[in-house]
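Accompanying notes for the structure given below.
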Amino acid sequence: MKRLLAHPVWAGVAGMALLLALGAALPRWLLFLCTMSAANGIVSLGIVLLMRGGVVSFGQGLVFAGGGYAVALMANKLGVTDALLLTFAGGVVAALMALPFAALLARYRGIFFSMLTLALSMVLYGVLVKTESLGGSDGFNMSRPTILGMRIADAWSGYVLYALAVVVSGVLAILARIYFESARGLVSLAIRENELRVEYLGASTSRVMAANFVIAAFMGGVGGALAIMALGHIEPQFSYWTTSGEFVFVSILAGHYSVFAVFVASFILELVRSFSSAYFPNTWQMVLGIFLLIVIRFLPRGIGSVWVGWQARKEGRS
Amino acid sequence: MSTLVTILVDGVSYASWLFIVALGLTLVFGVLKILNIAHGSFYAVGAYVAASFVNWFAGWQLPPWMSIIALLCAALAVAALLAPLVERGLLRVFYGRDEVLLVLVTYALFLILEDVTKLIWGANPYFVSAPYSLFGNVAVGAQTYVGYDFMLIGVAVFCGVGVWWGLNRTRIGKVVLAVIHSAEVASSMGVNISRVYTFAFMFGILLAALGGALTAPMISVQPGVSVGVVIVSFAVVIIGGLGSIQGAAIGALIVGLARALAVHTWPPAELFSIYVAMAIVLVFRPEGLFQQVQARKI
Amino acid sequence: MKQTSRALRRTATVLALGACFASGGALAQETFKVGIVSFLSGPAAESFGVPAVNGAKVVIEAFNKGAAPAPYNKVGFAGMKIEPVYVDENGGATKQVQELRNLYDREKVDAVVGYVGSGDCLAVAPVAEEMKKFLILYDCGTPRIFEDKQYSYVFRTAAHAAMDNISLARYLKARNIKAGSINYINQDYAWGHDSRKDFQAAMGNLYPGSKTEADLLPKFGAGQYGTEISALLSKTADVTHSSLWGGDLQAFILQAGPRDLFKKTQVVFSAADHVLPGLGDKMPDGVILGARGAYGLMSPKSALNDWWWKTYETANKIYPVQAPYRMVQALLGLKLAVEKAMAANGGKKPTAEQLAAALRNSEWDSPAGKIRMVLGGGHQAIQETAIGRTKYDAAKKMVMLEDIQRFPAECVNPPANVKSEDWIKAGMPGAKC
């Protein structure tokens, strides 16, 4: 049993089952908070994937909004209502959006990659604000999706969307884990360490980076799809730099050592924000800022490093 | 023709405001390698302190031109008190970390300062328009401009030339340049890096606060002043090349003129004229216009 | 053990009930929790959020003491003490959806009054509907909310934004002000776009043949308007329209004033009353402006208004402008709805359904005149409005408004079941002026 759970796939499945069971006992507000953290967590997982190659996107709002808007439009204009289909479609549209930029962005590193992605997301923001048929800066609403051909009753909508978010993020987390350990995933790490050496060894760094960018975009789109289905409303703010900044923060908070940590980090951020906003209405930004500083100060490599280090020590001892 | 003159004057006067702020941002990045999201917050603090100082000076029945001195004192006070506090008390802890991590540290600082200014000055607006009318009006072609705008252009030129001269013609400037080039080597040559960092940060913040203080007379100082400034000055330094003074100047001019051109000829384009300019420059010159490409290490 | 605890609890309940009767009211111990959401930080805090919250504070305090004039003189809401929970609206619609859920589910509020941003209103309305909880939108402007969808639990106790620009156009026409050419400067987001569209359409009707010259859309929060002012001056039009507000509006006035823009064109502002106390003599004379209702200096004379004005001014050292007026009219409506619902259900704390039934199609007196819930199936208010012209009073050291003209609600609001955009385009048929 213990052996079995050590395998990422089975550990992931067990975790999903546990969360699904737990969800039935959670109050509605917490359920919603978990759904949003899962949706945001998937976007941050995409950034973690990029981080393993040494670049950080400050513009994931681009694909988050891209996926979200695509899903909302498909639901409202084309009448596609199935939640699973919409989730997948959000990812695909975002990946397609990223594709033309992938080759270009693959040449950039460091702060320039971050800033160029930021510029792209802000251009999308500008376009969305201008587009009055999409509600301009006010955005528009999307009605609740169906699942597997069934209407979701009001009383169950919270849980169903939560379950969907848990399953989708679970599957993507497992896939990400497998990817991280594949040959290409490991090349990303090598690029982070030393790009030129990787090229001398015959690997194409730009192809790996481009692929990573598209995969991250897919994840961003899926996150956007889940978020809009839970929120029921979309607006250009999805593509604003502060939204992207929060995704980056979650990935830094998580570190690139553990996939699960991303979702924990996302959950913690939502929790801190929610409570500080309720109990410190006048100073919640300050509370959030101090929280960020404390995390960066004391967990420089992210919370993932805590249990990865702990596991490593344990294995070293046995 | 007269439209062209108007576009030029408008563009240059917007650019000079932007340049003062962006110069501080680029200087801090050049020396400390920190892309400071909180730069706009220092701009806002500068504006608030200026508002307090002008009102305070007004209480002493001084001649009106003294209000300009009050603005300058405000910027100096922010640089002398707040900047070292932040640099020594906060940023120092994070030196040597990843660039992106440092960006997040300044994001946290931005959030904190946002609420701190609100706690100190409240939500009510402050008006200090006395200095705005000091320089009268100036007619250029068919347009009448406020003399204060031209004073701002002068200040921007002074700041730009001053920083360039300071860096290239003085001893301390050369030390700073050495640190910009390589902190490690400079340190091994006996330069007190930590002092250079504090000095450069203070100077960068001085420029941010000066930008805010000089803008205070033409706006109402209130919560939210900081937000708009950050992204625009980011665009400027990215276009010009991070850490480059000429770059900040050219970047500010590009942004200012692009914006003026959009407003006068095709207003709907104003919102993204800046980002489009930034994206175009980055595609052709990823390092920005004035940044040397650094050798990659093997 | 279990038995004893149950017995204990029962005793306690009996005792508590006894205490209630002893103190005279069945509900003396109960409180009514209201979530109040508005901007406490960010660009809308100074002009809208904080004044509105200040207004809520003084009014709730007065309610809890039973100090408001009749018919609002019952203590709290029908004897229940009002317990406010304040939340910051800053941070985007996503955050508002989450916070609204938290307010209902975690903080267990009985009703929420809030939202200045139209995007926030659009986002939260379906959430309250889905949760079957009572929600009052008190400030936001977009007509889309009740024109695109029917709600059962969501209300807006103030007129939507179409009124602001229609009344402005009607004022120009009534005073026979020349408007052959019009310049526009509005912020580049939905509020600015909608305001400009409404004014343009209304002017197209009242002034056929009027043409648009410069049509500027500066970025929200721009702060620097030098370029825009040059553009407005180089194509000077008879009338210059703007829906700018808050810091942007103040900066625009401070920068345009010295360049004589106000002397070269008749400037009309759709929502500018809130900058008058702060700007003082920096506000040029002769500017035509609205307040999104008969608010502040344009409020009608009434005992209720006098009481409200004095209460607010005493606490805040400044007279109330539009934002606190809109907040107080929401809270007054809520108070009457709670009391009406309790009169109908035998004095129990009302459910969301009972509250909604009480507020639907109702009307009440506010300091700004009568509020009538007649649009959107009885969920959207209409109210009278007024437009005036600025005049600095050196003796009082404050900006006054003169030539105030009032417009009845039916003159500047569309009838039920007609979209405001279509109504304006059709020439505002059936308007009762």
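For clarity, chains are labelled A, B and C in written order, and residue numbers in each chain start from 1.
Note that in this section a residue touches a chain if its C-beta (ideal position, glycine included) is under 8 Å from a C-beta of that chain, and two chains touch if they have at least 3 such contacts.
Since this is a predicted model, take the numbers as computed values, not measurements.
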{"item": "Graph class of chain-chain contacts, one of line, ring, star, complete, other", "value": "complete"}
{"item": "Pair joined by the larger number of C-beta contacts - A-C, B-C", "value": "B-C"}
{"item": "Chain A-chain B separation of Cα centroids, rounded to whole Å", "value": "34"}
{"item": "Centre distance in Å when chain B and chain C are each reduced to the mean of their C-alpha atoms", "value": "37"}
{"item": "Overlap residues in chain A, where contacts from two or more other chains coincide", "value": "129-130, 282, 284-285"}
{"item": "Per-residue multi-chain contacts in chain C, two or more chains", "value": "40-41, 188"}
{"item": "Residue numbers of chain B (touch at least two other chains)", "value": "114-115, 118, 268, 271"}
{"item": "Touching residues (chain side chain B, partner chain C) in the complex", "value": "2-3, 6, 9-11, 13-14, 17, 114-115, 118, 123-125, 127, 129, 132-133, 137, 142-146, 149, 215, 217-220, 222-225, 227-229, 259-260, 263-264, 267-268, 270-271"}
{"item": "Complex contact set, residues of chain B against chain A", "value": "35, 90, 93-94, 97, 99-101, 103-105, 107-112, 114-116, 118-119, 231, 234-235, 238, 242, 268, 271-272, 275-276, 278-279, 282-283, 286-287, 296-298"}
{"item": "Contacting residues of chain C [partner chain A, same complex]", "value": "40-41, 85-88, 90-95, 97-99, 101-107, 118-119, 122-123, 126-127, 130-132, 142, 144, 149, 188-191, 193"}
{"item": "Complex contact set, residues of chain A against chain B", "value": "56, 58, 104, 107-108, 110-112, 114-116, 118-120, 122-123, 126-127, 129-130, 194-197, 241, 245, 248-249, 252, 282-286, 288-290, 292-293, 296-297, 300"}
{"item": "Chain C-touching residues of chain A, taken from the complex the two chains share", "value": "27-29, 32-33, 36, 129-130, 132, 135-141, 144, 154, 157, 227, 231-233, 235, 237-238, 240, 242-243, 270, 273-274, 277-278, 281-282, 284-285"}
